[in-house]
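Dropping the structures in below, format is structure tokens.
Heads up, the next two complexes both have chain A, just with different partners, chain B and then chain C.
Moving on, here comes the complex of A and B:
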């Protein structure tokens, strides 16, 4: 029975993706384009050449970070919806250090990444501390802080660090940028993201602290009863998830973005949440979903050029995947569904 | 003096969408459904309200359409959380991702990607409808408002009476407190939860549509700007009572109004710092009121008939 439930857990997102694509195709057809041509263009745009694949990986990089940020916090049972704010605070601190401190090259890169990580961690500690010591709803607070972070970033690129007439900051100097992988759009930031993902995976599933953290997330009361310091785990998971997002922000600035501008990182936080949920809070699955989302986005530009279907179709498909996956995962947990599965499998055994 | 009167008038205007959204949350939570997807419902309500009032030229029809659209989207939430017993927080989040994407897609398809900013006429004030010339402050406060403002305050009074004085209101509350006990008394728990979702969707849709039919003449992505979450905070701050929620909304509306007035006054401070005021105020308020738990007791828990 354990095996079937594992298979079901993998099947649900796959079926959801399929359903989302079917509805996506209906929308594309309704807009007067040929769905097959559109999907071909989508595929070609995302994976058609090594160059396009590099672009997909570079788009996936910030998403992997926010996805892992959400994943880590939820594993401990805290809903950190503030990935976006933490990501932005990392990016902000990184930009300030990278452009104002007159340092370049490897020392600058290391300092930027470390400072960005710390900034993200501190920003996440605000909802963490308020949840643990004031019993407050961490979701509302972390979302409010997203808006504050976005507005603070606005102060930098429109006022304090504005570069001439355009509302954006000075770019990171060439010497402090992350190197590209094989000349593609993807940079070492992607490597960092994968390493962080593997580290989270190892920590959660192969260390005793990770096991305790998951236990707190699975059943807080039982964990408390067993003498786990639940509050400490809550704070730690906020800190670490914020640090992951902050590292993501600084790596993205050094890797592909280079300067702060209006609308930067908008939506990354909620994207991270949906990737973690579709990946069922498994770090490696979350990373795969991030690459899938990035492929949808990169490919949809090619699709728009080829067929005139607006790129926001990919947003709809993405949104449908999460709507279907979450509903599907709830459905397979219903006793009726389990009974149905049992009947099907036992019938097979008889035959 | 003019600064103060303008501030008060703007507070009433800015509190109105929050009142609708918080009442939506209140009706949902009273039936045991925590709904963090109001932001999304308001987004779809806002887009539909804008689109329909653009097509028909009537903001009132737009508001009704916005309510309908949000009800439809909320039925997805209701089906998933009530019938499929999906986790409410997680599904609310899914609605938050799905509905704004849908709204922005519809806008782009209908108006084209590079189109210029489309504007719609705003709802007229009561004073203009009645042909009264409102020039004194009191007259402005009570007469120079759109019908939606009166509707919001009417709903607050109705809600307060409904939940404390009527039998049906007490039954409704029982579903949020002890659904199993409610069921033994013959209350249709699942039915109440669905009705709650319809009310919640309608109110959230109206709150969103207010933004495009009474407040600004245009629709932009993200125009709800966190109000769905501020409404959640208002429900906590207002301790789940209609009167408390009203006061909380007026407070948050005041913060929003203050922010706008300060921006207009333009000190030598980047305007973004003023824009932060409502969000920072929400965090500070939540931090101050601390951990007294007063919400409906079975909030967030799925209800299954057969389970014992």
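Moving on, here comes the complex of A and C:
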């Protein structure tokens, strides 16, 4: 029984991806292109060469951070939808320190990353504290704070830190940028993301505190009756998930973005939530899903150039994966589905 | 008087358990007929059979002399049966008027003729004195008014026979008086009422006839004039003393926990504590008897640190408790078998293994560096040992606990709570919903803990269970302690009267 539920958990996203691609192919065919060549172009664009693969990893990096941010909070049963705001606050603090403090090189990098991490954590504590001590809904407050962060960033690049006539901030000096991996687009930011993902995985599944945090997430009342300080876990999970996003924001600025500009980081927060949900709140799976989504995005440009199929088809496929996964996860919880599974498995045993 | 309802030889079986066994029950036009019984006596099952929520395993129902088959609540409503559930079935965001016409099948076409409906409802409400404010949303009216809406709703749908399931449980005394006026008006107009309750005073006040159910069987039907509260209490509890199979202890050790004048929300009769003083010594089982919802849940939560009393003192092993947190009490070696094992006891999505070590993963046996690295192998071996010791039947210890049967879930909790070698065990309804074998196992385990020097506070609505294992029996009623009795040769009559508040 345990094994079947594990298999189902893995199968749902895989089947969803398959279904999304089938529908994507139908759309491509309806547009008058050959689905096979289009998908080949998509694959080539994302993984076809080392260079392209580097680009994919680079695009995946911020998504991994916001995905882990959502994953960590949801594991504890708190719905932090403010990954984007926390990511931006990390990026903002990083940009300020990196461009205004007259420091360069490794000390600047370390300071920027640490400060960005703290900024993200503080930004996440606002909904956390309001939830725990005032009973406010953390989802609404964290979403609203996304707008506050976005607009605050707007003040910086349009006014306070504007770079001459262009509405963007000055760029991080070359000496303070993260090194590229083997000369590719991907930087050490990707390495940091993977390390964070492994750390989250280790914490959740191999430490006592992580075990207790998951228990709080599954059943808050029972956790309380069994002596866990539920409020502390809530606050800690907001803090840590915000710190992950903040670290992501600063690493992204130092690695690929270098300056703040209109529209920066838009959509990262909810992308992260989707990655975490499709990855079934498993940190390692979340990272893989983020890479998969980045590949769809990177590859779609090549697909458009090679076959004329617009990049929006890739957006449709991404959206369908999300829809099918969410629907699929709801479906497998239905008693009818469980009964069906039981029947299939018991029949096999008889045979 | 003319008979309106007759239920003949009703039997309802769930698996091997008889919820109702060969019950005969009959209601006449214009009477208030009370169904009296303890929790689990079969009152609700019988009414759910009448209302079409359950199909009887055997037996038949006659309405106005005609045999009927009621296979859904909609069918029951059509036949003129109205039910007011203990927990109201109202849409809170809608107004009173909208709630009453909700699901009205007389409406023809797409639009509702609001004026005509309103007129009908007003007439009804005047006829029976059911005074309600039609345009207020449900959230803004008092509980008593909500109940009137429920009654009005039933009458509007043409009910001739009204079932009121514990209608006074949530009402204040004044509201209860108002309800009784309404019931009298209803019966004067020829409607019949089935009144479900276990409150003796009210039953004697309002009923014409009283049918007593016990353990799924009907004991007898009496006219109100020919009975007294004492008779009813005896019939309801209705048992001779069966000698317990366990040896009773009379000299307990030092008090593990002592409560002095503890109050918690004392205005609330059903969810509060009012001046409670008691103590549990080492090596004794103190049983708290009483009908459910007389403050027992709150008592359990105070002695496990979940809630903080408003006033009064709690001493743990001789020292005053200053701060009430579950963790503080766990450190003091208090174990808890909570009343709702799924909600409060277990993490349903986690495995048997994880639930067994839930509180102890930081111990050096199970992790190194104070929890920095879980020794999964050691945890697994320990859990397997516990699985054998407590006879937990599961496909594997990695199975999610929510997929286990109630008895096995309870054994998981026992394994967790008793292996820590507690000084105080608080067990709330520990055998509720369990089969006889599992219940016996739970009792044996509690007795073994007692003999090991653990103080046990057993809170149960099952009187048999209290009599079986308690060394001392304390009766609670409306948040107060009604009396304390020895567990050896307990005076059953006295105790059952105390449980009814006398």
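Here are some notes:
Assume the second predicted complex is superposed on the first by the 351 of 351 C-alpha atoms of A that agree within 3 Å, B and C clash if a C-alpha of one lies under 4 Å from a C-alpha of the other, contacts with A are read in each partner's own complex, and residues count from 1 in each chain.
FYI, a residue touches a chain if its C-beta (ideal position, glycine included) is under 8 Å from a C-beta of that chain, and two chains touch if they have at least 3 such contacts.
Small disclaimer: the values here were computed from a predicted structure and weren't measured.
In the superposition on chain A, A:323 contacts chain B only, with no contact to chain C. Legend: residue contacts after superposition of the two complexes on their common chain; A:23 is shown touching neither chain B nor chain C. Shared-chain residue A:223: touches chain C; no touch with chain B. Using the contact criterion defined above for the overlaid structures, shared-chain residue A:207 touches chain C, although it does not reach chain B. Taking chain A as the reference chain, the count of touched residues is higher for B when chain B and chain C are set side by side. In the three-chain superposition model, chain A touches chain B and chain C at no common residue. Taken in their complex, chain B has these residues touching chain A: 36, 76, 79-80, 84-87, 89-91, 93-98, 101-102, 104-105, 108-109, 113, 222, 225-226, 229-230, 232-233, 236, 270, 272-273, 275-276, 279-280, 282-283, 286-287, 290-291, 293, 306. Listed in rising order, the residues of chain A touching chain B in the complex are 31, 79, 81, 126, 130, 134-137, 139-141, 143-145, 147-148, 151-152, 154-155, 158-160, 266, 270-271, 273-274, 277, 310, 312-313, 315-316, 318-320, 322-323, 326-327, 329-331, 333-335. The part of chain A that touches chain C in the complex is made up of residues 1-2, 5, 206-209, 211-212, 214-215, 218-219, 221-229. Within the complex, the chain C residues that touch chain A are 304, 306, 325-327, 329-330, 336, 338, 343-351, 354, 358-359, 361-362, 366-367, 370-374, 376, 395-396, 398-400, 403.
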